[in-house]
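Have a look at these structures, which come just after this line.
What follows is a pair of complexes built around subunit A, which joins subunit B in one and subunit C in the other.
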Partner chain A sequence: MPWLIRRLAHAALVLFGVSVLSFAFLELAPGDYLSEMRLDPRIAPETVAALRARHGLDQPLPVKYARWVASAARGDLGFSFAYNTPAAPLVWTRARNTLVLTMAATLAAWLIAIPLGLWFAARRGGWADRAGAAGLAALVSIPDLLLALLLLMFAVRTRALPAGGMFTPGEAGILDLAAHMLLPVAALVLGALPVLVRHVRAAVAETLQAPFIEAARAHGIPTVRLLWRHALPAAANPLISLFGFSVGTLLSASLLVEVVMSWPGLGPLLVEAILARDLFVVIDGVLFSAVFLIAGNLLADVLLYVADPRIRTT
Partner chain B sequence: MPHEPLVSVRGLVKRYAQRGGRHTVDALAGVDLDITDGSTLALVGESGCGKSTLALCLAGLEQPDAGAIRVDGVVQLVFQDAAGSLNPWMRAVDIVAEPLVVHRRPNARARALDLMEQVGLSSNRGDARPHEFSGGQRQRLALARALAMEPRFLILDEALSGLDLSVQGQIANLLLELQRSRGLTCLFITHDPALAASVADEIAVMRAGRIVGRELPCPG
Partner chain C sequence: MWLIRASVRRRGLVAALALLGAVHGAVLLAGFLAPYDPAEQDRRHPYAPPGVAGCEPGPCPVRWFVRDAAGRPRLFAVDAPARIFVLGSDQYGRDQLARLLHGGRVSLAAGLLAAALSLGLGWIAGAVAGYRGGWLDAVLMRASEFFVALPWLYLLFAVRAFLPLEVPPETALLLIAAIIGLAGWARPARLVRGVVLSAKERGYVLAARGFGASHFHILRRHVLPQTVGVALTQAALLVPQYVLAEVTLSFLGLGVGEPVASWGNMLAALAQYHVLVSYWWMVLPGVAMVPVFLGYLSLAGAVIESRDSIGL
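Let's turn to the complex of A and B:
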């Protein structure tokens, strides 16, 4: 399938660009993790120099990058100086936690946005539509950070939900995970919902003006079926593209929400790694985020290909 | 033996608000119309005289502001824009079967394929999407969908406009066949008097929201 090969080649090119830029920006930032060690009088300068040489930090940027690419191809994503451990397992565990949170939030946001957008579209121009638009405008004006803090405050005050972390110590069940996810997922969903609902409403409202909807009405198709079976598939193209975009938006938001709600994902790890100048962890974290973003967009492209019969036959 | 009218319209008025909502325009300004059971009435008139509004009111898609409509039996409407009136995301057979599915009629798919054959489309093309058909074939598909609910009254709103002459002729012949075999009563809306004369038993002329005259088509 040449289309898929083209998309994969494009994804590889984006990953190459992200990795080069990550290396370049970190090179531009003054100092690295080992520069801090040099200030410690208990560590001999020779020890620091030996560490620099061992991890290739004394090499110029192109050599450093080429060595990282070669080792990444073997599954070795470098070394975390701060955690004194190989970076790959560390970053992968955190990336997996971020993935769990982002996927749950994406699913929940769309499962709420689609029926709500359809409902508003069916009542376009009416009081419910206008009240909904006002409510969504109010919600979109609240920054994600404030939303997360408000929810955290609610959890702390009411003690109804765990106020941080991923599991209660000693418990690792799915229900415990779900209880811990509720708050960060709610913060992410509330942040994403206004944009998604407005797009679903706009796309479906436009489709409801189409002649084939009028024709379907003329043939006695009831409103609910008209909305779900006729209007929604026809309005799906821009929404599927938005789905890919929403994965990226929710991923970015999740990095912030994770820090606020102590979710052990890529967000807190990246903040720690950037502050500690833990080179390989930063690069790997950024790359994992880029992979999720690319995967989201690729999934949207595949869904678009499956959903629109005209794309498949042209 | 004179036939009873299947469709009877009395004093039909439909007003639309103009931009800003302060003024209204009468799209229908008191329409009186009877259509005899089993006949085809052509409705001719210039653009904007209210023909399509009358069609929408008869099909129940617009609520009139005043007047009364009586139709004995199911009404179905075939639109001018066949390409636009068919859902581009659905397969041909599903488009035809949709009204049957919604009204819980048995064997909807088989009946839809049979209807496709009746309007001159191969049932092998049931899985094709509307954009894979020509303009004339799309209009046949729209006709098959309209026939699915076994209507007694069929409204064709400029259904042959936009088709080339030979296709127009083919569809007009198909309509006449279907009308005779199914005993359909048809309202054939067009702005083309020659086309009206070729398909109709009688022609009504509409102007400024009113029926201003009825005449028999000139032979030939």
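Let's turn to the complex of A and C:
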């Protein structure tokens, strides 16, 4: 498994680079939560200085970074000044909620995109294909933000679906969660679908030209089996790479959708933290998103490795 | 110039360019097309629905090609004290049409500036990395990897986080464009590098080198022209994405602030529940992004098609 080890090392390197970059960037930031606190006449300057020393904010950048890495390795992700609590439990909960939303959206988007793409590819040039292409072109022109706002508008006007949050207060059932997830997942899926369907269609349409498909057809293999068992696996390689890419797109879109639909994920937390200059929470939020994206890409690589023996030789 | 030649042949390209011309033209002519100034308040008519407001004794005919109180030409108006709100008014009774057109200036300018910056940086970095190779290539590409390792919006917010929060609206536009442009340099750089890498191994480039052509000459004459197609496609794809980025930042209060209008801070009103329920016209700045997206995305599609057909 030297291949997997190499990939993991590379992922760790990228993560290291991202964390150094975000620390360096935030070092340049004018002021933090504590410098705003200093403006408050009710708080003694000694108190602020003591807080600063306690969290190591008066140290130079390399020391600060080293301390942060050391404590992050123990699961301590710094301190949220705005919430006046350790950042770790806060960020973990939010990251989990983002993960739940994005995984559901990724799953739903692919489960819809693959059959749709196969169908369009099988009916190349037919009415379904052309109508689908027009519909997707229209959908791709609607930005995520508008999509989310329109869906939310629909929800609050019809009162058919809960408009925001993750649970109804006092309830914690899986059905309640599903009802709350429906709207944000729909916004994410509709936003991601055009790109996915187009790629599935293009990849499958290309394979359908191949001689082995002709041969299989000549053997009398029914169309559905031909599509799912012969064309789709042969067309899978670019689609698996696209899977990694789609994780990034969905995470990014999810930030916005979370804020619009008040889903308690990383998105709203990050926006609040930036507005409050809550330094550690910003870094944690950004790094969590990087971890998710890198994990998604890694998963795509592993899937590719499993699906295509040719990759294993390189 | 092949763009013009290609546009003669392709209806899709013509339609895209016409749509984009209309959108940008309308935004440039904001002062003429809208009957009021974007910051002009009318506290008597908050959240007035589209139509004529305050027309008590009536009738209030619409007059075309008039001059307003300050003597500026306007396409249309109604006589005071009545007010015409073609797209309704906001919470301060400001004309949504005026704010939409003036806000479009801000949002489109931010998108265009940021795309120019991203593309410029990416082009230089990609060309240098691809042509020069060696350690410079390694450093630049590693750096770009860190930038693409973050989901786009998270990256944008991370870059936004280290800049001051309260900036005057005039500098905010430039600041936002700079942030978006900086955050997005990596993708064009990687694409341009790929093209340069393959272009510099072409036979005629090697021949030119054999004749003793300088690096500058080879880049300018033989290598960079190859990247024009990729760069144009990227530009057409980046502009709508960056317009949306500005709108997103301003929507969340991290971008261009009041009283200057931008599509993003206009949409921020929808964060209030009652606005979402009762005043549908407040969502129109979001709808205004649709023709922008449609225009630029079909332009990108048409450019890719023409590139294929003339082999760029």
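The definition used in the following text is that the second predicted complex is superposed on the first by the 309 of 314 C-alpha atoms of A that agree within 3 Å, B and C clash if a C-alpha of one lies under 4 Å from a C-alpha of the other, contacts with A are read in each partner's own complex, and residues count from 1 in each chain.
Basically, contacts are C-beta pairs under 8 Å (C-beta built on N, C-alpha and C of every residue); 3 or more make two chains touch, one makes a residue touch a chain.
This one's a predicted model, so the numbers in the text were calculated from it and none came from an experiment.
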Fit-or-clash call for subunit B and subunit C when the two complexes are aligned on subunit A: fit
First, second, both or neither for A:G285, with subunit B first and subunit C second: second
Touching partner for A:A50 - first (subunit B), second (subunit C), both, neither: neither
Contacts of A:P233 with subunit B and subunit C, given as first, second, both or neither: first
Superposition-derived comparison: subunit B or subunit C, residues of subunit A touched: C
Which of subunit B and subunit C A:L107 touches, first, second, both or neither: neither
Touched partner set for A:A66, first subunit B, second subunit C, both or neither: neither
First, second, both or neither for A:L4, with subunit B first and subunit C second: neither
First (subunit B), second (subunit C), both or neither touched by A:P222: first
Nearest-approach distance, in Å, of subunit C Cα atoms to those of subunit B in the combined model: 15
Shared subunit A surface residues [contacts with subunit B and with subunit C]: none
Subunit B to subunit A touching residues, read off their complex: 59-61, 76-77, 79, 81, 84-90, 98-99, 102-103, 129, 131-132, 142, 145-146, 148-149
Subunit B-touching residues of subunit A, taken from the complex the two chains share: 210-212, 214-222, 225, 230, 233-234, 307-310, 313
In the complex with subunit C, residue positions of subunit A that touch it: 14-15, 17-18, 21-22, 25-30, 137, 140-146, 149-150, 152-153, 156-157, 248-249, 251-253, 255-256, 259, 270-271, 273-275, 277, 282, 285-286, 289-290, 292-294
Contact set on subunit C toward subunit A in their complex: 142, 145-146, 149-155, 157-165, 240, 244, 247-248, 251-254, 267, 270, 273, 276-277, 280, 283, 286-287, 289-290, 293-294, 297
